[in-house]
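Okay, so chain A shows up in both of these, paired with chain B first and chain C after.
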Partner chain A sequence: MVRFFLILVLCCAFRSVASAAELRVSVTAGSDEAVGNAVISVKPLSPNLEMPEPVNAAVMAQQNTMFAPFVLAVAVGTEVTFPNMDEFRHQVYSFSKPKRFELRLYGQDTTNKIMFDKPGVVALGCNIHDNMLAFIYVSEHPVVGKTDESGDVVFSNLPPGGYEVHVWHPDELRGGDDMKMVTLRADEASDIAFSVKLRPVRRQQQPPADEGY
Partner chain B sequence: MPKFKFQTKLTIVYLALFLVVMGVIALFFYRSVTQNVRDQIQNQLGASARTFERILDDRVEKLSGSALLLSRDYGFRDAINNPDDQATVTSALRNHRARLGADLAYIVDLDDELLASVGAEGTTLTAAPIPDAMKMEAEENGSASRMVEIGGRVYELVVVPVLAPIPTAWIAFGMELDEVTALEIKGLSPIDLEIAFVYQNDRGEYSLAGATSERAALEAFLADNPPVDPVFSAQFNGQDHLFWRLPLHAVGSEAEISALLYYSIDVALEPFDPLVVAMVGILIGGLLLLISGSVIVSRGVTRPLRRLADAAQRIIAGEYQEVDAPIEGDEVADLTMSFNQMVSAVQERESKIRFQAFHDNETGFPNRLMFEEMLDETIGKSESFVVIVAEVQQVPELRSVLNHSNVNDLMVCVGERLQQVADTGIARLSTESFAFILEDASEAETVASLVMNSFLTPFDVAGIIIDARAKLGLVKYPGDGEDTALLLRHANAALDKGRTVQKGYAWYDPDSDKSQTRRLSMMSELRVGLKNGEVRFAYQPKLDVATGKIMTAEALVRWISPTRGFVPPDDFIPHAERTGDIRHLTEWGLRAAIMQVADWRSKGLGLGVAVNLSTSDLMNPGLPGQILVLLKEFDVPAGSLKLEVTESAVMHDMERALEVLNMLAAMGLTLSIDDYGTGYSSLSYIKRLPVSEIKIDKSFVMNLAKSEEDNILVRSTIELGHNLGLKVTAEGVEDEESVRRLKDFGCDTLQGYHISRPIPASELEKFLKEGGYETV
Partner chain C sequence: MKRSNVTALALWPLLMSGGAGADDPFPSIRFDFLADARVTLADGEPSWFKDWLGKGRYGGTHWAGNDVEGLRLAEASILAKAEISWDLSGFVHAKFDHEQGKPLDLVEAYLEYKPAPRSAISYEGRLGLMFPHISRENVGMAWTSPYTITPSAINSWVGEEIRALALEGKAKYRSGAHSLSLTAALFGFNDPAGTLLAFRGWALNDYKVGAFSQLPLANLPSIGADSDFLNKQPLWVHPVNEIDGRPGYYASLDWDYAKRLKAGVFYYDNRGDPEELKRKQYGWDTRFWNFYAEAEPLRGMKLISQYMTGSTKMGRQRYRGMYPVDVDFEAVFVLLSQKFERNRVSVRYDWFATDDNTFVEEDNNNEWGHAWTVALSREFRKHDQLILEYLQLDSWRPARKTIGYAADQEQSIIQISYRLRF
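Let's turn to the complex of A and B:
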């Protein structure tokens, strides 16, 4: 299923390679600390721009008593599948305003799908395993991605034009870069660097307390 | 510097030492007790503070545990995240607050909007905004707790996040630190400490949030004594208190909130009050004991010392008495023993000295001093008695034939015989005389006779049979004198008389004694007379038979006193000899004689002068030098001066007399024996004398014309003298017949009234000229 999803994304990327602009975003915190898991969403300033079709399917797996990925960036209207890879059951919930839901105790045999139709941050937890934590960033913009461990993300195949580039991070504090404007030219690569402020203690999924037993 | 008695000194020293020691003990005691008490209080306060912290921790744990439970409740979380379900949230909160007994509970959302709040009955509360740091801490650790002051009350606030799964809201539970809490902790403390909760308000002042007692007083106290130090002591409510400040603020708190635990040091010291009383009691008791002890000790020293001092005073007064040693073995006893030894030694020595003082060391008989004392005593107790003085005769003569120790032994024998005869205590009054007292005056004459008779028996002294004679003088008390001195003087006077009477003893005769006193005053007059020229020489010429010329004149002293008139030499010379005034007379006489010779020589007269020497002159070894000086002074040849000495003068101490005579003879002076025939008249001793002439006493010459006996004596004496190579002079030549016979006998020189009376020098010169006796 994952492999399938990846192939799908790559096909989409190759499709509109001609006359496309490239946006390279890097996110740092403090003194050049590469910030991974930062969600970058790109909003065209002109509604006339022909944006690539958003990917409207994503996966938030539960594996080894952890969510994977920790941060999932999706566009509005994306249906996220919550496959349980563990041999025991999970009960995933969200009290976040964009999407309140609860997936009652389910095992590997159950396929749960949730449609995220409102923009916002959805914090995910598991009623059974307190350590499990994940975020789904539901972007109102069609183009959304997240930085890798080196804090970089590259958007290719964007039509030239003006854009708002937004950054979000689960540990983000006020006072850092929030949004930047950029004009992309055809066949050119533009760089945007965000410097964000993060809380000193990062939110992350702890390994399960009873791991190893 | 004032002088203190030993007792006072000792007491002062002891007192000072005692006070110093007590002071040090008291100081040490006070310091250690207060320090100890402070330490104990501090420990107790510290322990209570830890208990308090523990209690708080427990409460926080309880609160946070409960809050956590609530925050994890799915239904509760659901309700919180459901904007339409606030009633459920509030009711759940109320339920938990009641269950925990918390004083307040509230929930805020991420934007600090109050979602719900419930308080204890009757409390109106304003929910305190939750600080970001606390939220952060709570999110990280699950919960956070902090002291907060809300409206003058202090709360222990516990905050937990409501996780969904990230924090979506904050639950806060508050438990007030009030009197109840304080009393609870107070109840857990072993000491009755007091607790107060204070906080710093916006102006930095310390305010009181709760206290176990004395709220008002504490408020005032805090205003004056901001509790800054962790441990401090201060006056509170009139008592010294020890304070322990337990800071209750959590990390990064804005306002300082503390619990004050305190306890009165004075109260803690109260159990020691009886000890202080006991100490004061010991001090007073110790002082009394010490004073009485030092008095006893010092008395143990001063009393025997005083006794010794008193004894010493008594000894000064002559009363020898031993002192009892108080206690055996101590220094005072040693001193007393030494003192007693000293007393007996002094006593012994004194009695020895006394014995020596009161006894004659030659014979061991009581001496004159003791006899005087005895006499004093007898005068005091007897109505009448008789004192007899016995004098041994011719002692000088005895001395010349016996040695010194023999004379001493003789005296001992004499004393013993007297004692035997008189049957009473004998004292040696002088070298030659003894004395004793007869209580029965009627026996006096009998005893005197017995004594005289007893001397008829010779004394045997070391094999030498000695015939000694005694003369006695008797005085009776009270008739002859009222006191010792007078009695003894009169006894001497009686002795003087006794010497002359046939029976050898005499009673004191007041009439004859008067001349004695007269003679004494005469001597002082003589001394004056010598200076004033009252004394002169008369010169009696000595006719040289062979040449018919006058070669020498004998200088005879003539004293014409302005008060007494002419004083015969026999009246004053013996007394002058006895009083020593003869010295002055000799001095004068030698000078006058030599001056006269010099005068005659200047006038062309070669006349020598003969001067009589007395016994004491012969005893004077300075005499030859004296004469030599005079001879030189007046340039007179030694041959012109003749010296005449009597036999008895020489015999008094022949050895000494010989010394002087030999020197005089060596000087070239002519020496004559005067009054030859009246004394020993022993030619054997004359042989030893460096004399060149003997003068036959006038008593033999005066009756030469009538007495055949005297003729024989004079003739044989002249012959004897010539045989010894001596010139012979006859004195007292008073008639022509005597002159004729003396010439027949071969007498060398004639002297007497028949030739000339003693006449003044000027008359002599005339007499020589007219009689054709001049020599050149």
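Let's turn to the complex of A and C:
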């Protein structure tokens, strides 16, 4: 009986550690431009795969008259906290379909929470500071991440199996890579490279104009 | 962007008509100050500001030519922004300038209603005394330009003569990175606008008129009490004034792409009655178009261009329906500015002209000219700015001959400005 349990425990340990697969995604545009802030979402083809617990809390801060981060990737059902790190007010709004709201952040340490329960892209603005701009990508897929400055993102601890891998970027044009299929094998790392098409003029969150009143 | 929030205890009973929670921070008032210390070195003809026809705020002296002025205060501005609620705010800009008609005067004072957008189309409005949004340069605090000391000819004139006591509404449509705004306003108290442009022509100077102040005109033979052409036109203009009781209007359409490409068109008509004369001022029928394009091709780089074209008419119609003053005006500039951390380099080319359609023999208001402006600036402390500017003006105006100057004038003005903010 003890031996049986030991085997069971070992099996479980083996399954959750040793058989995890790694997915490495890189996103480029044009001739080899690394694309940061691209959202990668991963959807298992089989519903039986035991996916890692989704992260259901995230933070979109208001700091130095900017949103941070510029792009936030979350799964549906995530509650996003909006802390105001500035000493002054922000009036954060979205009129995007997945979530319309207005948050009145009075000053330092005022915090509000919004639950994102529908998939889609939520563009954020601030009614007081015109320079402020950010995006929350709400994915219907359980695993989401975004690329770093060098255009890379790594998902470890995915169960082996078949997946759809999707890419999204705020300045994406049609005609580039959109989705790729991949089969992840236990203890192996797989690479996917997306080549997307981006607008020549990119949206960015400018720092506040110091000259402006 | 100083943000010292001072809760206005004095205004509390005035603005809060009950219903506010204890932790409600409204209303609050924020004060900002700007002082502009200036050193100037100028040659050429004396300034219009000293009752001549020179195009700079400063110029040579009438007798000696070159003029050097040590430290002077070009302006001191106080700005107050009262936040009354999340959607409603009040703004007041008052300016002290010892050369101003009224040393302490009001530049702008308005209420702004701007709720957060709830859909792709949002609305906002302003009510009060304001600058219509014409200038693409004067985007800094207290209507200063972050690029140069002296605005372009177009925006110099806007600062001198354009101000509206207006009810302004704006609808903005946002779609992805694009936004399109339609602004429309009804306004009054700007009937004498056009006077300077006709009798003085274009100028390049950073003087913005206060609502209660007058600006001087040169002692031309065609105007003033001794004149046999327009003896009811005094040697000054008070631009912020209602003469004919007829409201004017302006409207604009602005396009913005990712805040890096901007273009727009603006139309103004004060619907002035040229024959109306009140408080020694005529109602000038002034209308103009302003077009602009603005781009940020590289990070920290700005390319701005404006083109203005319009006309102004004044006086009792004489034979064949001709107005004593009937002048078309036109100007354009291109500005390129690059910011390197706390430093900025700006170069601007201005071209300007006026075309007098009537009575040129008696009152010649023709002119043309161009100007180069080069400015270097550096930020100090938090948002102080030290600017060194070289302005070279070259213009032709036959009316100069009537006051003892040659029609062709060349002029260089060097200015150093320290803008202190607190």
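In this text, the second predicted complex is superposed on the first by the 191 of 213 C-alpha atoms of A that agree within 3 Å, B and C clash if a C-alpha of one lies under 4 Å from a C-alpha of the other, contacts with A are read in each partner's own complex, and residues count from 1 in each chain.
FYI, a contact is a pair of C-beta atoms (placed from the backbone, for glycine too) under 8 Å apart; a residue touches a chain by one contact, two chains touch by 3 or more.
Not measured: the values here are computed from a predicted model.
For the composite obtained by superposing both complexes on chain A, the positions of chain B and chain C are in clash. When the two complexes are superposed, the chain touching more residues of chain A, out of chain B and chain C, is C. After overlaying the two complexes on the shared chain, residue contacts for A:L124 are found with chain B alone; chain C is out of touch.
In the superposition on chain A, contact of A:R100 is made with both chain B and chain C. In the overlay built on the shared chain, the residue A:M132 is in contact with chain B alone; chain C does not reach it. In the superposed model, A:I40 lies in contact with neither chain B nor chain C. Applying the stated contact rule after C-alpha superposition, one finds that A:E87 touches chain C and leaves chain B untouched. In the superposed model, A:Q206 lies in contact with chain C only, and not with chain B.
With both structures placed on the common chain, the touch criterion links A:L198 to neither chain B nor chain C. Clashing C-alpha atoms with chain B appear in just one stretch of chain C from the list 111-119, 219-227, 237-245 or 381-389: 111-119. When both complexes are aligned on chain A by C-alpha atoms, chain A residues 93, 95, 100, 125, 127, 130, 199, 201, 203 touch chain B in the first and chain C in the second. Residues of chain A that touch chain B in their complex: 93-96, 100, 123-127, 130, 132-133, 170, 199, 201, 203. Touching chain A in their complex are the following residues of chain C: 1, 3, 5, 23, 25, 32, 79, 83, 86, 114-120, 139-142, 144, 146, 174, 177, 257-261, 379, 383, 385.
By the touch criterion stated above, chain A contacts chain C in their complex at residues 65, 87-89, 91, 93, 95, 100, 102, 104, 106-107, 125, 127, 130-131, 171, 199, 201-204, 206, 208-213. The residues of chain B lying in touch with chain A in their complex are 72, 74, 77-78, 80-81, 136, 139-140, 163-166, 168.
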